[in-house]
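Pasting the structures here.
One chain, subunit A, appears in both complexes that follow, with subunit B as partner in the first and subunit C in the second.
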Partner chain A sequence: MLVWSRSGRLVLWLLFALIFGVLFLAPLAVILLSSLSDQWNGVLPNGLTTEHYTDVIRGSAWNSVKASLITGFLASALALVSGTWAALSLRLQGHALKRLLGLLFFIPSAVPSVSVGLGLLVAFSHPPLLLNGTVAIVMIAHFVLISAFTFGNVSAGLARLSPDFEQVASSLGARPAYRLWHVTLPLLAPYLVAAFGLSFALSMGELGATVMVYPPGWVTLPVSIFSLTDRGDIFAGAALTMILVAATLVLLLGLERVTARATGS
Partner chain B sequence: MSDAIAIRAPMAKVSLGKFWIVPPAALLALLFFYPLALIARQAFLDDSGVANAAEIIRVLHSRFFLNALINTVTISVSATAGCLIVGLVLALILAFVPFPGSGFIARLIDTFMALPTFLVTLAFTFLYGSAGMLNAGLMETFSLPLPPVDFLYSTWGVVLAEVTVYTPFILRPLLAAFSLVDRGQIEAASVLGARPFRIVRQVILPAAIPALIAGGSLCLLLTVNEFGIVLFIGAKGVITLPLLIYGKAIQESAYQIACIIAVINIALSLGLFGLYRFAAGRLGA
Partner chain C sequence: MSAAAFTGASVMDIDAAKIRGVGSNVHFDKVSVAYGAHVVLHPLTLDIAPGEILAMIGPSGSGKTTALRAVAGFVRPASGRIRIGATDVTDLPPYERGLGMVVQNYALFPHMRVEDNVAFGLRAQGADKALIGERVKDALATVGMATFARRYPRELSGGQQQRVAIARALAVRPRVLLLDEPLSALDAQIRRNMVEEIARLHRSLPGLTILYVTHDQTEALTLADKIAIMRDGRVCSHGPTTELYRRPPNRFTAEFLGRANLLPVTIAEGVGSKGFATARHGDVILTSAGRDEKAGDKSLLCIRPQHLSLTADSEHTNRIVGTLREVHWQGELTHLVLDVDGTPVRVSATKLPMALPEPGVKVPLYFAPADTSLLPEDAGV
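Showing the complex of A and B:
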C-alpha cells in the first residue's frame, strides 16, 4: 500500500472514479440511454422507447448483422489458419530469416486501414484479378488487417509452450504430422481461441478499409451505423451500435468460457 | 517440428521444412505487399508509366495536404500525451492503492480495446454536442441563450475521444510493469518516512519507463492511423491523413493524389512502428 492515510486513499479513489466515470462509463451509458430514448432535448431524455431497436431490426439492420458476422467469421477463420501456419513454420527457419519474416507478418497491423483498402482497390480493379465490387474484397481487407493479430497471438502462445511435450512425443517416435495434430495444436488451443476471438472483435468494428471497398449489397455494421448517423439519425445509430457491442461482447465472453473449460480452470 | 528433430534429421529434410513458410507468406504477399507496391507505383508514375514528380510536388505543397499533416501530428501527439498521463494515474491507483473490485475494473477497461473506436465519438455527440447533456444542463442552469461548450467539432474533440479509446493500450503494459515492482521496497521506503510522491518518482517511475515508451509509441502509431473517430466527428476543419485519402479516393475519385498521400501516411506509420518495435524489444530484454 502506497498511501496509508484513509483520507489520502479516499481522494485518490474519487479521482479514479471521476476519470473512469467521465472517460469510460459515461460514453457507454449514454449510448445505451440514447438508443432507448424517445426524444432528447434537455439534460435527460424526454421518454424511453424501444422504437429505435424495432426500427433498425425491421430495416436493413439484420442484413448488416449478417454481413458483419459472416465477414468476421470467414476472415478470422482464414487469419487463424494462415497465422497459425505462419507461426508454426517460422520455427523451422534460421534465426535471421525468422526475425525478418516475423516482422513482415506484423506489418499489416501498422499500416493505416484506409491505405489497405486503397491498395486492394488499386490492385484488384482490373482483370484477371477483378474483385472490386464483390464480397470477397471485403473479406480480404478484413483478413489482411487482422492477420497480424492472429499471427502475434499464436506466436506468443508458441513461445510460452514448454518444448518438453513435443520432444517427448518425437522421442517416442511420433511423426511430425501426428505430433502437430495431437500434441502441439491441442496445447496451443487456448491461444488459438483467444486469437480467433480478438480477430472476430476487430473485424466486427472495422471501418476504415471497409468503407473503401464495400459493395452496395454488403454493408457491415460499422458502415451502416455511419450512414445512419451521417443522415442525422443518431438514435437509430446508437441502437445499432448497442447491437454491435452486444454481439461483440457475447462472442468474446462465449469464447472465454470455451477456453476456460478447455484449460480446466 | 521442434529443433530437436531438425538437428537429428538429414539435411534434405531440414531444407524441405523451410518451405512450409511459403503458403502463408505468398498469401500475404499477394493480398498485402503487392497492393502496397501498386500504391507506390501509382503515386510515382503517371498513366503512361513515366515517372512524374510534378504531381507529387504539387500535392506536397498543397494546402489540404499540409493541413491534414499538421492535424494528424497535432492530434496524435496530444492524444498520446493525454493517454500517458491518464494511463499513468489510473495504473498507479489500480496497482498501488487498490480498492475492492479494482481487478474487475481493470478487466472492464481492457474490453474497451475490443470495441469499435467510433462508439466513443457517437457517445460524445450526446454528451458534449451542441444539443448534448452538458450543454443542455449548463444552458438550463445558467439560462444561457447559446451552448457554452463547443470543443467537440474541433481538434480537441478528436483528441479527447482518442484518449478514451487508447488509454487501455498504455494501462495494460503499465499494470504488467507495476506487478513486477517489489512491494517490500515500497513498504520499506514508506516506513523510513518517504512520502508517496517521492516513492512514485524514485522507485515506481523508473520501473515504468520502458512500458511508458512502448505504450506511448504504440499510441502514436494507432492515433496516426485512426479513421473512425475523425470520420464520425465529421468536422470540416478536422481532416487527417487517413480521412484525406478516403476523401480523395472515394468522394473525388482522384486515385493518384490518394496514392501519393497514402505513401506518406504509410511511411509515417512504418517509422512509428519501427519505434514501437525498438521500444517493445528493449522492454522484453
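Showing the complex of A and C:
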C-alpha cells in the first residue's frame, strides 16, 4: 500500500471518483439520458421516453446491428488467426527480424483509419482487385485496423509462456502440430480470447475507414450513429449508441465467462 | 501430502516392476555448442552407460544444462555427434529421440488432469487406448500418485507435481530420462525426501539411464553412479561418485563436491607400495594417500571437515595444530573454524568434548592417512 493514512486514502479515492466520473461515466450517462429524453432544453431532460429505441429498432437499426456483429466477428476471427500465426512464426525468427516484422505489423494502427479506408478504396477500385462497393472491403478495412492488436496480445501471451511446456511435450514424442493443438493453443487460450474481445470491441466502434468504404446495404452501427447525429437526430443517435454499447458488453462478458471457465479461475 | 507420507510411499515398490525402462547408453562425441562466437560447451566427450545415473553438476553457466538440452534436441551442437544406443540422434528432432524429460518447474499442462498429463506422451505417439490406461495407472502407482489421477495440477503441492512430472516421463518408457534440476523448486525438507524417492525409483528401474543436471552436490552424491563436474563449458572431472569425492583430481572438484580443507604441502617421500606418501607441512610430517607424487613436488593435502577429529586414536595418526577462530553449532553438527599456519581449516563434528575450547586457544587436530588425498598444487582447473 503506497498511502497509509486514512485521510490520504480518502483523498485518493475522491480523486479517482472525480476522474472516472468526469471522463468515463459522465459522457456515457449523458448519452444514456439523451437516448431516453423526450426533450432536453435545460440541465436535465424535460421528460423520459423509450420512443427513440422503438424508432431505431423499427427503422434500419437491426440491419446495422447485424452488419456490425458480422463484420466484428469475421474480421476479429481473421485477425486472430493471422495474428496468432504471425506471433508463432515470428517467435522462431532472429531478434532483428522479429523486431522489424513486429513493428511492421503495428504500422496500420499508427495510420489514421480514414487514410486506411482511402488507401483500400484506391487500391481495390481497379480490376483485377475490384472490391469497391462490396462487403469484403469493409471486412478488409477492419481486419487491417485490428490485426495489430491481436498480434500484440498473442505475442504478449507467448512471451509469458514458459518454453518448458512445449519442450517437455516434444521430448515426450509430440510432433509440432500435435503440440500446437494440445499444448500451445490451450495454454494461450486466455490471451486468444482477450485478443478476440479487444478486436471485436475495436471493430464494433470503427468509423473512420468504414465510412470511406461501406457499400449500400452494409451500414454498420457507428456509420448509422454518425448519419443520425449528422442529420441532427441526436436522441436517435444516442439510442443506437446504447444498443452498440449493450451488444459489445454482452459479447465481452460472454467471452470473459468462457475464459474463466477454460482457465478455472 | 505431508513429508511423512512421501517417505512412506511404499506403493512405489509395488508396481514399479511393470515399468521397465529399456535403458540405452548416451555418447557425447566431441560435442560443442556455441551461440554465435560465444562457446557455451567446449568439445565434450563423455559416456553414460545403460542403467547409469550420471549427475552433471557445476555452477551457473558451466554448460551442464546446455549438454542436457543437446541430448534432448533443443540445442543444436556446433560440432560433434550425440548417440543414444546405436542411434545417432544429432540430427533427429526432439520428438523422435525416445526420451523423457523432467524440468525444474514441473511444466505440467495446467489444462489437463493428472491422468491426462501422464497419458500425454502416449497419446501423442498414437498408442492404443488400453495400453495408455494401463501405463498411466502403472506410472502413477510407481510414484505413489494413483489416488490423484482426477486432480488438476493446481490442486497438488510442489512435491506431488514433481512426482506426476516423473510419472509422465516414465509412462512413455524412455530410453533415457533427462532430469534438469528437478528438485530446485522444492523446499529443503521435501527435496531431501524426493532425492530418496528418486533413488528408490531407480533401484526399482535399474535399466533406466538417467542424466541428472543439478547444482546441488548433495543430490548428486546421493543419487549418481558417476558425476561429471562442469566448469566454464568444460568437464573438469568425471568419474565414479565415491572416487571423485574421496580422491578429487583437482582443487575445483575438491571444493565443489563437498567441503574440503586444502593444506599446502611438499612431498617428502613419494608414494610407496601401500599407496601412501609422506608430505611436509611446515615442520609437521603428514602421511597421505597419494597417486604418483614424487619427492619435492608441491601439493595440496585434501582432508574433508568430517574426517578431522579433536581426539587421537590408532587410525587418526596425523596431527596438526590450529588456533580456534569460530564455533558454529547447528544441532546435528558443530562446525569449528581453525587457523593452521594461515590456512583456514574447517572441522565438522557430531561429538565434541564436554568442555569446548574457547576461540584463540591452540587445538590439536587428528586425521587418518586413508581419509586424505593429494592434489597437484597447480591443478586449479
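Keep in mind that, in the parts below, the second predicted complex is superposed on the first by the 246 of 265 C-alpha atoms of A that agree within 3 Å, B and C clash if a C-alpha of one lies under 4 Å from a C-alpha of the other, contacts with A are read in each partner's own complex, and residues count from 1 in each chain.
By our rule, contacts are C-beta pairs under 8 Å (C-beta built on N, C-alpha and C of every residue); 3 or more make two chains touch, one makes a residue touch a chain.
These numbers come from a predicted model, not from an experiment.
K.L.:
Determine, under the contact definition given at the top, whether A:Ala201 touches first (subunit B), second (subunit C), both, or neither.
P.N.:
It touches subunit B, and subunit C stays clear.
K.L.:
Have a look at where A:Ala239 lands relative to subunit B and subunit C in the superposition and call it first, second, both or neither.
P.N.:
A:Ala239: touches no partner chain.
K.L.:
Mind working out whether A:Ser162 is in touch with subunit B, subunit C, both or neither, as first, second, both or neither?
P.N.:
second
K.L.:
Could you say whether A:Val154 touches subunit B, subunit C, both of them, or neither, answering first, second, both or neither?
P.N.:
neither
K.L.:
Using the touch definition from the top, say if A:Val193 reaches subunit B (first), subunit C (second), both or neither.
P.N.:
neither
K.L.:
Check the residue A:Thr248 against both partner chains and state whether it touches subunit B (first), subunit C (second), both, or neither.
P.N.:
first
K.L.:
Going by the contact rule stated at the top, is it subunit B or subunit C that touches a larger number of residues on subunit A?
P.N.:
After superposition, B is the partner touching more of subunit A.
K.L.:
Mind working out whether A:Leu172 is in touch with subunit B, subunit C, both or neither, as first, second, both or neither?
P.N.:
The answer is second: A:Leu172 touches subunit C but not subunit B.
K.L.:
Can you list the residues of subunit A that meet both subunit B and subunit C?
P.N.:
Touching subunit B and subunit C on subunit A: residues 167, 170-171, 179.
K.L.:
Across the complex, what residues on subunit C touch subunit A?
P.N.:
On the subunit C side, the touching residues are 72-74, 93-105, 107, 109-111, 120-121, 124-125, 152, 154, 165, 168-169, 172, 178.
K.L.:
Under the definition above, what is the set of subunit A residues touching subunit C in their complex?
P.N.:
Those residues of subunit A that touch subunit C are 162, 164-165, 167-175, 178-179, 182-183, 186-187, 189, 262-264.
K.L.:
Which residues, counting only subunit B, touch subunit A once they are in their complex?
P.N.:
1-6, 14, 17-18, 20-21, 23-25, 27-28, 31-36, 38-39, 42, 86, 89-90, 92-94, 96-97, 99, 105, 108-109, 111-112, 114-120, 122-127, 131, 133, 136-137, 140, 163-164, 167, 186-187, 190, 196, 199-200, 221, 224-225, 227-228, 231-232, 234, 241-243, 245-246, 249-250, 255, 258-259, 262, 265-266, 269-270, 272-273, 276-277
K.L.:
For a test of understanding, state which residues of subunit A touch subunit B in their complex under the given definition.
P.N.:
1-4, 8-9, 12-13, 15-16, 19-20, 23-24, 26-28, 30-31, 33-34, 40-44, 82-83, 85-86, 88-93, 101, 103-108, 110-116, 118-124, 140, 143-144, 147, 163, 166-167, 170-171, 176, 179-180, 184, 198, 201-202, 204-205, 207-208, 211-212, 222, 225-226, 229-230, 234, 237-238, 241, 244-245, 248-249, 252
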